[in-house]
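Chain nomenclature is as follows: A, B, C and D, assigned in order of appearance, with residue numbering initiated at 1 for each chain independently.
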Amino acid sequence: MLRAVAEGFHALAQRRTLGSLLVFLAFFLAWEGAVRLFHIRDFLLPTPSAIAVTMYQKRLYLLEHSVPTLVAIVLGFVLAAVTGFVIAVGVAYSRWLNEISYPFLVTSQVIPKIALAPLFLVWFGFGITPKVVIAALIAFFPIVINTAKGLTSVEPELVQFMRSLGATWHEIFFKISLPWALPYIFAAFKISMTLAVVGAVVGEFVGSDKGLGYLVMYHHITFETRLMFAGLMALSIIGVALFLLVVLAEHYLLSWQASIETPPETM
Amino acid sequence: MPLPQWIIVGLRSLVILGALFALELMVRLEWINPLFLARPTSWVGAFRALMAEGELPKLAWITLSEIGLTFLVGGAAGLLLGTLLYRFRRVGEASSSLLGAMFASPIVLLYPIFLVIFGRNRMAIMAQAMVTGIIPIILQTRNSFLHVNETLIDVGRVLNLTRRQMFFHIMLPAAAPMIFTGIRLGLIYMLLSIIAIEYIVGVGGLGNLVSDAYFRLNTDELYVGVITVGLLSLIFYTFLTRAQRWVQRM
Amino acid sequence: MAHAAIELEHVHVTYRTRDGLVEALRDISLRVEPNAFLTVVGPSGCGKTTLLKIVSGVLRPSRGRILLFGEDLSQARLEGKFGFVFQRPLLLPWRTAMGNVALTSEIVAKQLSREQRLERAREWLGLTGLQGFEDKYPHELSGGMQQRVALSRALSFHPQILLMDEPFAALDEITREAMQGELLKIWARIRSTILFVTHSIAEALLLSDRVVILSHRPGEILETLDIPFERPRAELLRGQKEFVELVEHVRSKLRGPEGQLG
Amino acid sequence: MRGPMLEANYVSKTFGLDGALAARVQALSEVSLTVAQGEFVSLIGPSGCGKSTLLKIFGGLTPAEQGEVYVRGDRVTGPHPHIGMVFQEDSTFPWRTTLGNVEFGLEMRGMARRERRDRSKATIDLVGLTGFEHRYPAELSGGMRQRVAIARALILEPQALLMDEPFGALDEQTRIILGEQLLRIQGKLGQTILFVTHNINEAVQLSDRVVVMTARPGQIKATFNITLPKPRDSRIIASEAFGRLVAQIWTALREESLKGFVQATGAQVE
């Protein structure tokens, strides 16, 4: 297991060439340089180095607020993945369900679910529940749609072959359909993970007294811009780390895929 | 055997109507606190009132114009940048992981920066939404060009096409279907971003209507706001799907 | 009299598409004796594939009856009777060559241990000339090798009937020829009944005991030919007069009076 | 006697120079080939023997590493205006109708709409697709799409056609019909055709000369002059002379294919 993870990192490292590292470096240098050159005041836009210092000094404070956010994101994502998967199986295997629900699923993907945030606050009150529900709701749709697409894209001849062998539905599902759909599912996971972060944080903006979303909003209002940016950085780190986790899992599970950087053909 | 179209449409409408009816019934029977869930019939009342005050059309127009402007500018810029990143391969390869990381990180949350730069106004909202939505467009545009079938390119090369002809008559039409996927994703991100920031910042628009209604505990108006947002998004999305079909003419 | 392995009696197939009814097969009657090699040739879209589908029970005929070893298809337990090879190899990309072959025994021969299954898969890969490739993934194999894996997969549980749907059509002619030879060698060993579908006349004549010529849609049997050539059939046969004349005979049959568009 | 249409002198080509494992594969080794004007030459050989590469070099799509290539005496440095190419893969533009596909080249050369419509109609008629002008490729069969591709190349009146297994993806019946059609068109217009194929029957039926290539690195192993009378149709297959030629070519080819197979498997085992 550990070896596979290490190999995954190795593969990632190979793709992230020196060039892209330089781009990252250039981005931060440009930021630092612009702020110093144009004498932008600290409460408007602090330098990356100042933010880094603040992050180090306030690390416990940041950590304290990171935990609830992280929990909300992960719970929301898991909830979305589980319900999304179950519903997708229903949609993929029942034509009635499919015909009736598919257009709803596709169109509801477009609707900014953020607008529903206050409804959840009304329904579930203050606390972690509305955050998780909002995160799950936004993350849910790509998972349903892609999973259903993946499950229905299985080669019919392969299923026919399995049937002629006398394979049960259960065998066909686990030996053929599910692995077949995995690349689609992971394409959705990558998008959904990002969306779950947005959902959880918006939930904190709207109604919470904990978490990085709250922290960012609070320090925005109090003009402690450095702390606000420190919070944003922490959020970005969490977001990218969770995304990479999905990529790693994908790399581990789909190592047979000739190329992992397939375009997100769906959605 | 495929189900006849009218049955499908009928069933779908039935599902919507059934849900609305069940909602109405549950609230009327006081199974649910009306503060939580307003009755569909009282949404209509709130809708009428908001229309009469001219409030709803005004707010909807604000949001719609924001979406439209962001989409036009962001879409065009995204296409251009994506094309340039394809054209200059080295730069494209180097920046693809930065863009990938940006795509993965929740940019909506950078809104304070935009407020700092543009002030508390609609420019900030639109700039923010544009930055959020442009990334999938750029990424997917570059990707689409990279995936154009080699044989089609060879056909063009045999004919000694100019760069311009090659781009407009082969690359662009061949990549168009995939590019549209990026544009759709970008639109979804822009919509999400605009509504979220309107909600948080409170400078007008439907997002603001929703947050106002929430803080005043006016559940009827809250629902009207949410539903209008949904309809507006749908209209925009449908428009985009039509445009795609028209472009591909298939 | 012994039962035929496959027997079709006045089979008609009509199915519904979005554009209305399509008559795919019309009044097909044929017998395939046990351990025989029968090939169906016909133009594209003549219902050859449909024929395989109804024999395997995936599709039901609109009229007529299908008997397998004298039993009605609807009553016969089909499990494990059929091996399928398609035009495309249709391997599972997440399994190695050996894993792909072992797939069938995981379903048909559950009593075997994992080791036994893999051992058996290894044997079959050896028989199709793929020693040394057991641990390769499909994308690491050439088209011909992938098709060998598919063949091993279909054969590894000793099916009584092997259904082959243009299995070599996607291969280049040289690989194709090698594969044909290999198939005949294996067939001589296992002696399954083979129902083979192709649009290549030469292939049909080189491989089979009997050839059935199917017309353009709706598919009807135009002629049934017993192939007179001795086995093993040398490649030199291709240049011989009788062979060439037979090819031309089948071709003129297929062309019909007007000759259709491709 | 007229000068040669296509000429390759000691052409070599190696692939994988920038590949990850520096796995250099020599595709062609000192191949020399001359095709006279109006001649129909088929290249045949085991998979990966560099037939397509040679074609691409003639087409100016990829440069030769060593040696020179000429089209009508002009040194090839890029696609030559008198050359048309047809590929194995479906190369029709899915966003254009049959008519739109066929007139593509003329449109790019700036011909007036009226004129190019007329010429497209005539070319579409030549390949037997009249009535399908306004269909999109998705609505056509594989054989019809390939005819569209052929018409798209023919309309520019190329003096030489390079065809890379144009019928490779089609079924045998369609392949034979299209082969006959191609011969008729060539009889009428007199192009030079260099044709890559895997199919010996097809090569013998269509060509004036069949060139057998060796397994990698591709070299010319043998050349067979096909002296069967022209015009030919598929009935020629039944003649004894035809059978003899096929058998001869088979023998030459079989050695190479075996070599090719060993090579392929050997390379994979490492």
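To be clear about the criterion, a residue touches a chain if its C-beta (ideal position, glycine included) is under 8 Å from a C-beta of that chain, and two chains touch if they have at least 3 such contacts.
The structure displayed is predicted, hence computed values, not measured ones.
J.: Top contact pair of chains, counted by C-beta pairs?
T.: A-B
J.: Measuring between Cα centroids, what's the chain most distant from subunit C?
T.: B
J.: Find the geometric centre of each of subunit B and subunit C from their Cα atoms only, then give the gap between the two centres in Å, rounded to an integer.
T.: Distance between chain centres, rounded to whole Å: 51 Å.
J.: Cα centroid separation between subunit A and subunit D, in whole Å?
T.: Once rounded, the distance between the two centres reads 50 Å.
J.: How many angstrom between the C-alpha centroids of subunit D and subunit C?
T.: Chain centres of subunit C and subunit D, defined by C-alpha means, are spaced 31 Å apart.
J.: Sort out which chains touch which and give me every pair.
T.: Pairwise, the chains that meet the contact rule are A-B, A-C, B-D, C-D.
J.: Which residues of subunit D touch subunit B in the complex?
T.: Subunit D reaches subunit B through residues 59-61, 78-79, 81, 83-85, 87, 89-91, 93-95, 104-105, 108, 136, 138, 152, 156.
J.: Which residues of subunit B touch subunit D in the complex?
T.: Listed in rising order, the residues are 149, 151-152, 154-155, 157-161, 165, 169-170, 173-174, 176, 248-250.
J.: Per the contact definition, I'd like the list of subunit B residues that touch subunit A in the complex.
T.: For this pair, the touching residues of subunit B are 3, 8, 11-12, 15, 35-36, 90, 93-98, 101, 103-106, 108-110, 112-113, 115-117, 140, 143-144, 147, 178, 181, 184-185, 187-188, 191-192, 194-196, 199-200, 206-207, 210-211, 213-214, 219, 222, 225-226, 229-230, 233-234, 236-237.
J.: Under the definition above, what is the set of subunit D residues touching subunit C in their complex?
T.: 46-47, 128, 141-144, 168, 170-178, 198-201, 234-235, 237-240, 242-244, 246-247, 250, 253-254, 257, 260-261, 264-265, 268-269
J.: Show which residues of subunit A lie in contact with subunit C when the two form their complex.
T.: Residues in contact with subunit C: 155, 157-158, 160-167, 171, 175-176, 179, 182, 254, 256-258.
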